[in-house]
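After the structure tokens below, expect a handful of questions from me.
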Amino acid sequence: MSSFWNHNITLSVFGESHGASIGVVIDNLPAGEYIDTEALRTFMARRAPGRDKTATPRFEADLPNIVSGVSRGYTTGTPLAAFIANTDTHSQDYSNLSTLARPGHADYTGALHYKGFNDVRGGGHFSGRLTAPLTFAGALCGQILERRAIYTGAHIQEIHGIRDKVFNPITISRDELNKLTHKHFPVIDNKKGDKMILDIDKAREAADSLGGVIECAVINVPAGIGEPIFEGLENSIAQLVFGIPAVKGLEFGAGFSVSKMLGSQNNDEFYVDEHGYVKTYTNNHGGILGGISSGMPIIFRAAIKPTPSIGREQQTVDMKNLTNEKLTVKGRHDPCIVPRAVPVVEAAANIAVLSHMLLYPNFK
Amino acid sequence: MSSFWNHNITLSVFGESHGASIGVVIDNLPAGEYIDTEALRTFMARRAPGRDKTATPRFEADLPNIVSGVSRGYTTGTPLAAFIANTDTHSQDYSNLSTLARPGHADYTGALHYKGFNDVRGGGHFSGRLTAPLTFAGALCGQILERRAIYTGAHIQEIHGIRDKVFNPITISRDELNKLTHKHFPVIDNKKGDKMILDIDKAREAADSLGGVIECAVINVPAGIGEPIFEGLENSIAQLVFGIPAVKGLEFGAGFSVSKMLGSQNNDEFYVDEHGYVKTYTNNHGGILGGISSGMPIIFRAAIKPTPSIGREQQTVDMKNLTNEKLTVKGRHDPCIVPRAVPVVEAAANIAVLSHMLLYPNFK
Amino acid sequence: MSSFWNHNITLSVFGESHGASIGVVIDNLPAGEYIDTEALRTFMARRAPGRDKTATPRFEADLPNIVSGVSRGYTTGTPLAAFIANTDTHSQDYSNLSTLARPGHADYTGALHYKGFNDVRGGGHFSGRLTAPLTFAGALCGQILERRAIYTGAHIQEIHGIRDKVFNPITISRDELNKLTHKHFPVIDNKKGDKMILDIDKAREAADSLGGVIECAVINVPAGIGEPIFEGLENSIAQLVFGIPAVKGLEFGAGFSVSKMLGSQNNDEFYVDEHGYVKTYTNNHGGILGGISSGMPIIFRAAIKPTPSIGREQQTVDMKNLTNEKLTVKGRHDPCIVPRAVPVVEAAANIAVLSHMLLYPNFK
Amino acid sequence: MSSFWNHNITLSVFGESHGASIGVVIDNLPAGEYIDTEALRTFMARRAPGRDKTATPRFEADLPNIVSGVSRGYTTGTPLAAFIANTDTHSQDYSNLSTLARPGHADYTGALHYKGFNDVRGGGHFSGRLTAPLTFAGALCGQILERRAIYTGAHIQEIHGIRDKVFNPITISRDELNKLTHKHFPVIDNKKGDKMILDIDKAREAADSLGGVIECAVINVPAGIGEPIFEGLENSIAQLVFGIPAVKGLEFGAGFSVSKMLGSQNNDEFYVDEHGYVKTYTNNHGGILGGISSGMPIIFRAAIKPTPSIGREQQTVDMKNLTNEKLTVKGRHDPCIVPRAVPVVEAAANIAVLSHMLLYPNFK
């Protein structure tokens, strides 16, 4: 009823930022899928902290330890459990715990919900660190999809008002997605990327932070995958993407810009291509109609808020004494988590798509 | 696994646009809640077709027939089932069925998913008509919430680029929400509403259609309601709102505009008010932090695409013969479904909030 | 969270004995399955009241009205909703309602659970009448299984200590199952059946009632269907069978008699038969090992308690005044519901088996 | 969809007998519950192997390592994950793997289900070892229940036809349950216990094994807990108890003996006791009516088959070559797992009861 996702694949995410370890149990993966641990490591590294000066200097290997569900390198089909030890936590004791609610964090809401019993160190269960097991699960699912020629990729669409090019929702290719995966700062237009990096640097210097938008594409999903109404591809992606802390918006295809369009502009006309495949000339629907894949690229965008932990003084409350106080958040924080969130968004997409794919009668 | 929503409250929505009837089973409503059928009727009427020239001239009573779960006017606590008969369907036979996929509709994706066995008349299970049972369920939940002084309301935020005022996310009051509920065309700024109506008229005359954005608020939700990660208030609202056909985007609080803000701008600073309540000076978080309510108004926006059924000729494919064809969609269609979608969005919010509220230990 | 079963197929059962109607929504049935309504009617008739003097003289057609999910005679793949009107209820008003808890019924526990708001007429949501929608769902699933050569049948194993022959768990055939289906009083040994009928008659004359045991078999289920631990075939069958009011016990294969056996007696040795199929010489495991089908007949037995409504005076309490009282239950009641429960038990088996079958990669 | 149990509390059990570790994630435990680790250890020790000569000589500490969801000794309310390392596995490599299906085991059904990719060493995911995390979860739930004065206990009801006394289903007390908990061989009548031990010894000497029946009681559960139809207390207990390998039968209250009783014998008459509490004179209903607790002791019995691993030669098949073969299972095996299964059955009861209790409005 809380930190698990129960579709066809089920995820049970656990852990607190400064607890013993975090991790995930993934149930209902198909049996007999080879796990490429080197590729897993590379995928996870894209999310890992400490990559460069755009990110927090907290270094952690963050390599998940798979304890079940894999045998001789292949998935067994039984639940796959993995955990990541918290090795670099800097706060093994509770003595210095603040009762000041950090603005933009779940400190206050979590304390109410859990009657003050939750582990608040480093954000506890609400920490961005909990995206590591999600990323791991999505990396696994991505390997299974790639073997069926389904590819996922994402880029930073916007940071602080600086906008990258958008994906061409018709022609987006495996090569383009792959190129982004290998970029340290994944944008299509590197010049825009350089500007973003400059703005992130400025924000860091000002002890401030920045948010942004990530655009994600999944290509080659066969048409007909998904379900109507509450269990469509959009619903499943939404439930997972809003499970990433800091996400405040999600749109598919033309998204919010549909409010400016006529039906004759927004409708994607169908045609049969030279190979006999049904396609659409445009892709405002983002590859999903009625919750079900159309065979066109799946395209969505997620809005990520600026890191709430900033080094500037802010007004807040002492939750214990109910007094008004000032707070300057100390410690190591990313001035912009958008770059590290890119693989997390891809991971969410992979999990949703694979989960629906497995219900597809012809899945092999 | 498809057309049901399984949280604490569960919904099982069924029916096809031109089948015998549509409806919903709602499980786990609290026992002993009075059902105000007159208020239900009024709520449902806001979604009903045929209200005026902005909407389709298809007239239907659309009054749900409650067959279980209510006794002597009060919920029994056992599953509440309600049916709405399809009385005005104009297509009792299948003789005139087209195999042309309507652009922007789920005709093509549905045919693939259901191997051609789904009922395609009027969109079948994918029809906007299936929002009637959802609206009914949300109207019921809203009555239960109102008895706890929790109020929901929504307005048309934007149509065809014309933008209404936005809710004041701090001061939004029951009166303001109530006023909107009673408006025929629910906008805050009537002048903007008049312009929208003009544009809708133009679109109708041009055999075209328009989309828009709906903004929804829920006030007085106690702080501490919700769950972390995959079952937060945002995830639950998202799963329901993306269950409304034509929704292509969803954002909470500052939403996509976070990509332009600094952390110091976006963070909502806390304070203790004169009554000892913890509040925030601003409400960019939209009343939800870490999936859990903060006590501030819950604010979100949903993007609705233009009605895909338009009277203009469009290119499409014959799904049977796999040939390229032309199609002019005939029949009765709303040039803009945004006004009728307003209570549907409120309904989705009511269901999500009540479902989480019922898990709240102090719910009475 | 209550009256629905959520596996791969989902059931949402609703209704009260004397309400407007009862019914079920069945989600995730495969598309394109022909519905043989005549066979449905025949299956339902086996459960229907008023068949003969062993049953209650309450006559009802009990024919379910399918309102969605079927088009031109075939399942559409979208939710199938069906309801059965309550036409012969004899109690359209609440004036004569007793506050005396009937012994053996859920009157007292239901009143506490629902804070007195549940509809108590005729047992309300707890009535045996709610097995009609379950039987309907199971009849549908049975038709889909039969098309894959999987057959289900059951017989009365015991009533009032009189025991029928048991199924031969190795050789049980379609013909034997089919013969039972057509028997008015389904026993293997008709002489034992005659004795049971005599005892039921005596119980009726004494204003008393009798319980019994039903044995059910499902043959030709392919080996490999099911899941480990909590979602195995045994768990799924158990969750459904204990959903039949009056069931107080359930055993698979050798069942409770394993407590008298040595491992060397209970273990079913494997062999490869002349066609290359793996089989077991004995079938104490009841066709299920580790939650997963072995290919041998699935065999289970359910214990059904005597009808709690009896015409003899009993001691009970007035739930309102908390006083000790005497009660003689009036009205029409089966002296033994075991014969009518036979198709209900088969139905539960069909639903569980089909739900697991649909997850089988080779299901067609 | 397989090794997790999803009610209000959710369990996600993972691991293989000879893998790195086994464990469980428990979600939705209430926040603020003290964890008595010493009591946990004592509870787990009752299930642990190697206690005496009635059990397998495999020694393992089996102490779960809690890595999340507990802070400063109290539950945080977030998911509680615990791992148990597999330290004494004797088979770190796969070289000696047999393709002979052990009779009575899930070797054959598992190989089919998982297409040969499952880890078969020691039974893999189907091993009785997987009951350790279940026992851990149930021990935790039991501590939370005990704080509300709800107590669970069980005894060996029967082994090899030797029957212990049964619980008095009316007067069973905390003291009696507690006494059983502290017995090395938990029976009410020690003389019968001695006979059972003798028979187990004989079975061991004969390289054979024995099954039995366990009777479990939960006292002081408030009346009104549970749900109707598919989610009643009986259904929940059944889904968990059939998750224990080797369970082949389950009965509540009078259970299978209802088939010999008249309604007037089986019905439990109600009365108001001197303190104003509603009770029943007898308890054939086992404390549950219509899926909901009556306030009387909850009583159920589970049948456990003889350990399938026996040292006697048996006929079986080579799953790879599809040939008929002989097999003598080697290694360390309990001649009777019934004594070790006693706390596992209690654990299942605790989980089901607590999960339903948490939905009770007055739970504190």
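Residue numbering begins at 1 within each chain, and the chains themselves are lettered A, B, C and D in the order written.
Just so it is clear, a contact is a pair of C-beta atoms (placed from the backbone, for glycine too) under 8 Å apart; a residue touches a chain by one contact, two chains touch by 3 or more.
If you're wondering where the values come from, they're calculated on a predicted model, not measured in any experiment.
**Student:** What's the fewest number of moves from subunit B to subunit D, given that each move must go to a chain touching the current one?
**Tutor:** Between subunit B and subunit D, the shortest chain-hopping route counts 1.
**Student:** If you take the mean of the Cα atoms for each chain, which one ends up farthest from subunit D?
**Tutor:** Result for max centroid distance from subunit D is chain B.
**Student:** Centroid from C-alpha atoms only, then distance subunit B to subunit C, rounded to Å. What do you get?
**Tutor:** The separation of the two C-alpha centroids amounts to 39 Å.
**Student:** Quick one: report the Å distance separating subunit A from subunit C, using the average Cα coordinate of each chain.
**Tutor:** Comparing mean C-alpha positions, subunit C is 46 Å from subunit A.
**Student:** Approximately how many whole Å separate the CA-defined centres of subunit C and subunit D?
**Tutor:** Centres of subunit C and subunit D (C-alpha means) sit 26 Å apart.
**Student:** Among the residues of subunit C, which ones contact at least 2 other chains?
**Tutor:** Residues 1-4, 8, 13, 78, 113, 125, 228.
**Student:** Can you list the residues on subunit D that touch subunit B in the complex?
**Tutor:** 78, 228, 361, 363-364
**Student:** Which residues of subunit A touch subunit B once you look at their complex with the stated criterion?
**Tutor:** Per the touch definition, subunit A meets subunit B at residues 1-5, 8, 11, 13, 101, 103-106, 108-110, 112-113, 125-126, 130, 158-161, 203, 206, 208-213, 223-232, 234-235, 238-240, 242-243, 245, 247-256, 258-272, 276, 278, 280-281, 284-286, 288-294, 303-310, 312, 314-317, 319, 322-324, 359.
**Student:** Tell me, which parts of subunit B touch subunit C in their complex?
**Tutor:** 1-4, 6, 8, 10, 12-16, 19-23, 25, 27-28, 31-32, 65-69, 71-72, 74-81, 83, 94, 113-119, 124-125
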